[in-house]
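Read the structure below first, then the notes.
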Amino acid sequence: MSERVKVAVVGVGNNVSALVQGIAVHRATGSLVGISRPVLDGLGVADIEFAAAFATSPDKVGRDLCEVIFLPPNNFPRLASELPLSGVTVRRGLTGAEPGEVERVAGDLAGAEVVLYAAPSGRPETARAYAEAALLAGAAFINTTSDAVARDPQVLNRYVAAGLPLLGDDLASQFGTSVVHHALLRLLEERGLTLTSSYQVNLGGTEDFKNLVENSNTKHQSKLNALAANGSAAERVQVAPLGYLPHLESQKVAHINIEAQAWGGTSVSVDVKLKVHDPAGAAGVHVDLIRIAARALRQRRSGYPAEAGPLLKSPPGTSV
Amino acid sequence: MSERVKVAVVGVGNNVSALVQGIAVHRATGSLVGISRPVLDGLGVADIEFAAAFATSPDKVGRDLCEVIFLPPNNFPRLASELPLSGVTVRRGLTGAEPGEVERVAGDLAGAEVVLYAAPSGRPETARAYAEAALLAGAAFINTTSDAVARDPQVLNRYVAAGLPLLGDDLASQFGTSVVHHALLRLLEERGLTLTSSYQVNLGGTEDFKNLVENSNTKHQSKLNALAANGSAAERVQVAPLGYLPHLESQKVAHINIEAQAWGGTSVSVDVKLKVHDPAGAAGVHVDLIRIAARALRQRRSGYPAEAGPLLKSPPGTSV
Amino acid sequence: MSERVKVAVVGVGNNVSALVQGIAVHRATGSLVGISRPVLDGLGVADIEFAAAFATSPDKVGRDLCEVIFLPPNNFPRLASELPLSGVTVRRGLTGAEPGEVERVAGDLAGAEVVLYAAPSGRPETARAYAEAALLAGAAFINTTSDAVARDPQVLNRYVAAGLPLLGDDLASQFGTSVVHHALLRLLEERGLTLTSSYQVNLGGTEDFKNLVENSNTKHQSKLNALAANGSAAERVQVAPLGYLPHLESQKVAHINIEAQAWGGTSVSVDVKLKVHDPAGAAGVHVDLIRIAARALRQRRSGYPAEAGPLLKSPPGTSV
Amino acid sequence: MSERVKVAVVGVGNNVSALVQGIAVHRATGSLVGISRPVLDGLGVADIEFAAAFATSPDKVGRDLCEVIFLPPNNFPRLASELPLSGVTVRRGLTGAEPGEVERVAGDLAGAEVVLYAAPSGRPETARAYAEAALLAGAAFINTTSDAVARDPQVLNRYVAAGLPLLGDDLASQFGTSVVHHALLRLLEERGLTLTSSYQVNLGGTEDFKNLVENSNTKHQSKLNALAANGSAAERVQVAPLGYLPHLESQKVAHINIEAQAWGGTSVSVDVKLKVHDPAGAAGVHVDLIRIAARALRQRRSGYPAEAGPLLKSPPGTSV
């Protein structure tokens, strides 16, 4: 029987809400709905357990993780009528204002094997400071944001030297716009059609989405990294500005259009509307990254574990 | 340099119009738009040449193939302002009323290496009679309709015995509803989502489509054969009745909906509208089947060539 | 203060389930959501009360109306966690097999002022027999099906002679495909655009919908009556076959497409997906028809009350 | 027989291209396709004639109007294979750099009765300077941009004092996102449904659209003015950021979503994709505004002619 994976989470937003609740539902009901890999490297979803959590907002610090996930601006829905307390008290994260903070956080990691960095994108210094804390504590680190951490050679080299795994950057959603758009463009190519033009529009209502809208540079580069896999077709694909529409709450809506030419130059058009809960798409990938990170740590593999590749948009080697 | 493939076509409907015109456009302009495989088994698209054509309607018989493809009820558009005559005169096909007809048609095949059966679905006896004529003439036979020919063991055995290739049944469009629906359902499964329900609605305006509406049994079985590859998911997929809407002309419109559950049981929905020219989707596959058939014949391979599989909905071994 | 309207319902399907539950929700919460006219002719929604109910299925007869609305094949959802019993026991309706049935039912109407005929479409004789029973009992009659009752001059004349109101036929949903399609076509015309072509596809999952699919003649005529208001445009509008997709349950999905030409002959296209709960769209109109019928009865107005016109697809004077 | 209306156009962008070409098609073919009002105040579409045109780009000045409309970045398509020269040479417009420019332009108006201001939005000073030139020349003025001209009380008062008509601001497209969205929201309300939330996304590929994206403030206020007619519902409607997608060329694509509640609180959703040629939607309204302006001038009516109201988004009295 496998030992449970102890995880520390940084940031207690919607994605962590989805992660915590989804694992609880799976434990309570045994349901495998939406779980991509019930067992990964010998570890089940129920083998993930939370050991520590960090946030900066004063109304979050000091309360139980399972209360904090429901505080606004979080708006991911309650998945079940009851969720027992976790026993994990949310601690004060890095503020950048005090000396010795990184060491303090490292000390608070409470023996976690894996640090899941799930704070908002757009603060690369903070992300790298948490990576430093994890390194001090001897933990694996997962950067789910679009900030450059794993694809920053300096950080990666330090992890390699320390013999610890480092996973990132920017997780590919389990089933989001990129996944569907990419699959349709690939299908078009496989079937011999010629792409004329294509666009995608993304609309969302979470605080994370709002941050992306206001801070779209690293995210935009990360999206281009994801589309580069489509080769020359990428030039013909346009990404409209993100739209923050609060009433969507934790849902994300995407409109995808593809115009192409088939045999004889005749026209083909494909229009897609996709509606997902963004935090669920993230959590479904978190559970895989956590298990990959834990196994790599236990096997003393250092640096970037290549098997995480399909789950990330900007792995080491892509543009910063 | 390869010898040109001589093809006889049975039925001069929209699909043959798209095939004849598309090859002419490719020859005139060199355009590779919409051509899946520019070279297949050493043969280019321009290596296909028409040697004979058969129809039953009195106003078609006796005229040049390149005139007949524009006669109503054909409604596939003109792809270029000019199309030279082919030099192939459309001959009277099998009527079932005269003795010795099969032999007559076999004699009229004019040295064709490949017989492309592209008449309307729904007349299995006629389809098999043409297969018999091709066999007498020593030609390969391609059944593009949903009628059982290649998946009829008796017919297949005769072809094997004669050392001739037999391809069929029911071609999968180059890029049609089945292809897109199947790809999305597979993607869903790959990403670990759980299908709740799905539907497709198909609307079209060609004479072929009208025939399908009126004669939907073999077609329906063939669609089920195509979906069976999705395994248990197939039970949750519903196909609405076909709708014949004349004003769509040679376009086909499909509405596809997929409802699924992701991580934590959260809902995911995908809605697709697909718009294609049905005959172009057929012609794009015809050019591959013709070249596979020609190569198999020239290599003296008998029976069903397995490489045709991805291009067919109901290959040998599927339900009749 | 107004006296409550006593209503007898014939048929205890999804539409009656939506009606009964919606009134209960309104009574319990005061909510006016989805209620078109809170007060109509001095009567509120809460002024409607059920006095009798009729069904033919043996497992429905003898049980309370509020239990029967949840029996399969009904699949309209529960709107609230609790629904008290109604005190109305469902009685055996007309079977056509016994003498004196019409008189028996008339006697069982229990002093109802309004008879709401909400059985499945497709049994015009039965519909007219209930109209006869209502007439005997001195009640107003509402035919919500597409069968010809109010537009049958013989029946209408009998109601006029008896001094009783008769409303029908075929109710226009509060917000369904016809309403939206009609509004968009009218908008197009108002703005000076020229319609090229248009289609609608309707998909549903209720037992009523299944009956329509199997018995589409009177329904089809009724749809044409509804579209005739669009004048010449109606010729360019095509209605695809109805699709019965059980997994939709009580939802109806419609796909509407409009292709048009604007200034200079440039193309305009509008694509709509509409998703509604069909029984709710019916119930929202039932509450208006019931109140119109009651008021007409109390004011001793006989025959067809013109103010019901906008709520009906085939009023008196349209084709049978 | 009516005297032709002489029009001067300011700005020779896509909208003027659509206007000039559409009138030419109507003259050549008599086609009334897409023409909202064939005769308005006694004037036909063919009664509009161009007398002068102004642009600032050096490659436009000095060439015939019918050549200039096809110069990039204009990308509205050619409507007919041939378009004769107009005989109107494009003159240099206001640059703001020289003294006496307004007087020069007034002199160049060449007896025009109506000045149609169709330059890009976002330069209110320039718009008002042209209004001054028109006033000097005794012409009616139409401001089709979202800049405040007619709704600027100072400008309006000067027109009233001079006895000249002034029309504006910001024309409502003949059939655009606002028109369709507004109609559906109104329909929802008429039928008694309760709006939950709604959004619209607008994507376009013209230079005008690009300007709007970069300069969205006056446009945004103008859109709010247009939606204010929906009353409280406006609060629940969100407008996503405009997306400039060059490959759309002169097409505009809008995605509209409406979520509502019907009877019993059941959910209703409407999704619309709208595809139009934006310049055609503008030109179809230009021909009406020009004729209203000409008639008002000829009847010596001064100030804002109220009958222009339905064609404008921000008439006098709305917020600046």
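For reference, chains read A, B, C and D in written order, and residue numbers begin at 1 within each chain.
Operating definition for what follows: a contact is a pair of C-beta atoms (placed from the backbone, for glycine too) under 8 Å apart; a residue touches a chain by one contact, two chains touch by 3 or more.
The shown structure was predicted, so the numbers you read here are calculated from the model rather than taken from an experiment.
**Q** Relative to chain C, which chain has the most distant C-alpha mean position?
**A** With centres defined by C-alpha atoms, farthest from chain C sits A.
**Q** As a quick test, compute the distance in whole Å between the mean CA positions of chain A and chain C.
**A** Distance between chain centres, rounded to whole Å: 49 Å.
**Q** Report the inter-chain centroid distance for chain B and chain C in whole angstrom, where each centroid is the mean of the CA atoms.
**A** 45
**Q** Could you say which residues in chain D touch two or more other chains, in rising order?
**A** In chain D, residues 271, 273 touch at least two other chains, as defined above.
**Q** Building nodes from the protein chains and edges from chain pairs that touch, which of line, ring, star, complete or other describes the result?
**A** Looks like a ring, each chain touching just two neighbours.
**Q** Can you identify all of the chain pairs that touch?
**A** Contacting pairs: A-B, A-D, B-C, C-D.
**Q** Which of the residues in chain B come into contact with chain C in the complex?
**A** Interface residues on the chain B side: 196-197, 199, 201, 203, 236, 238, 240-243, 245-248, 253, 255, 257, 271, 273.
**Q** Show me the residue ranges of chain B that touch chain A in the complex, using the header's touch definition.
**A** 18, 21-22, 25, 31-37, 77, 79, 174-175, 179-180, 183-184, 187-188, 191-194, 260-277, 280-281, 283-284, 287
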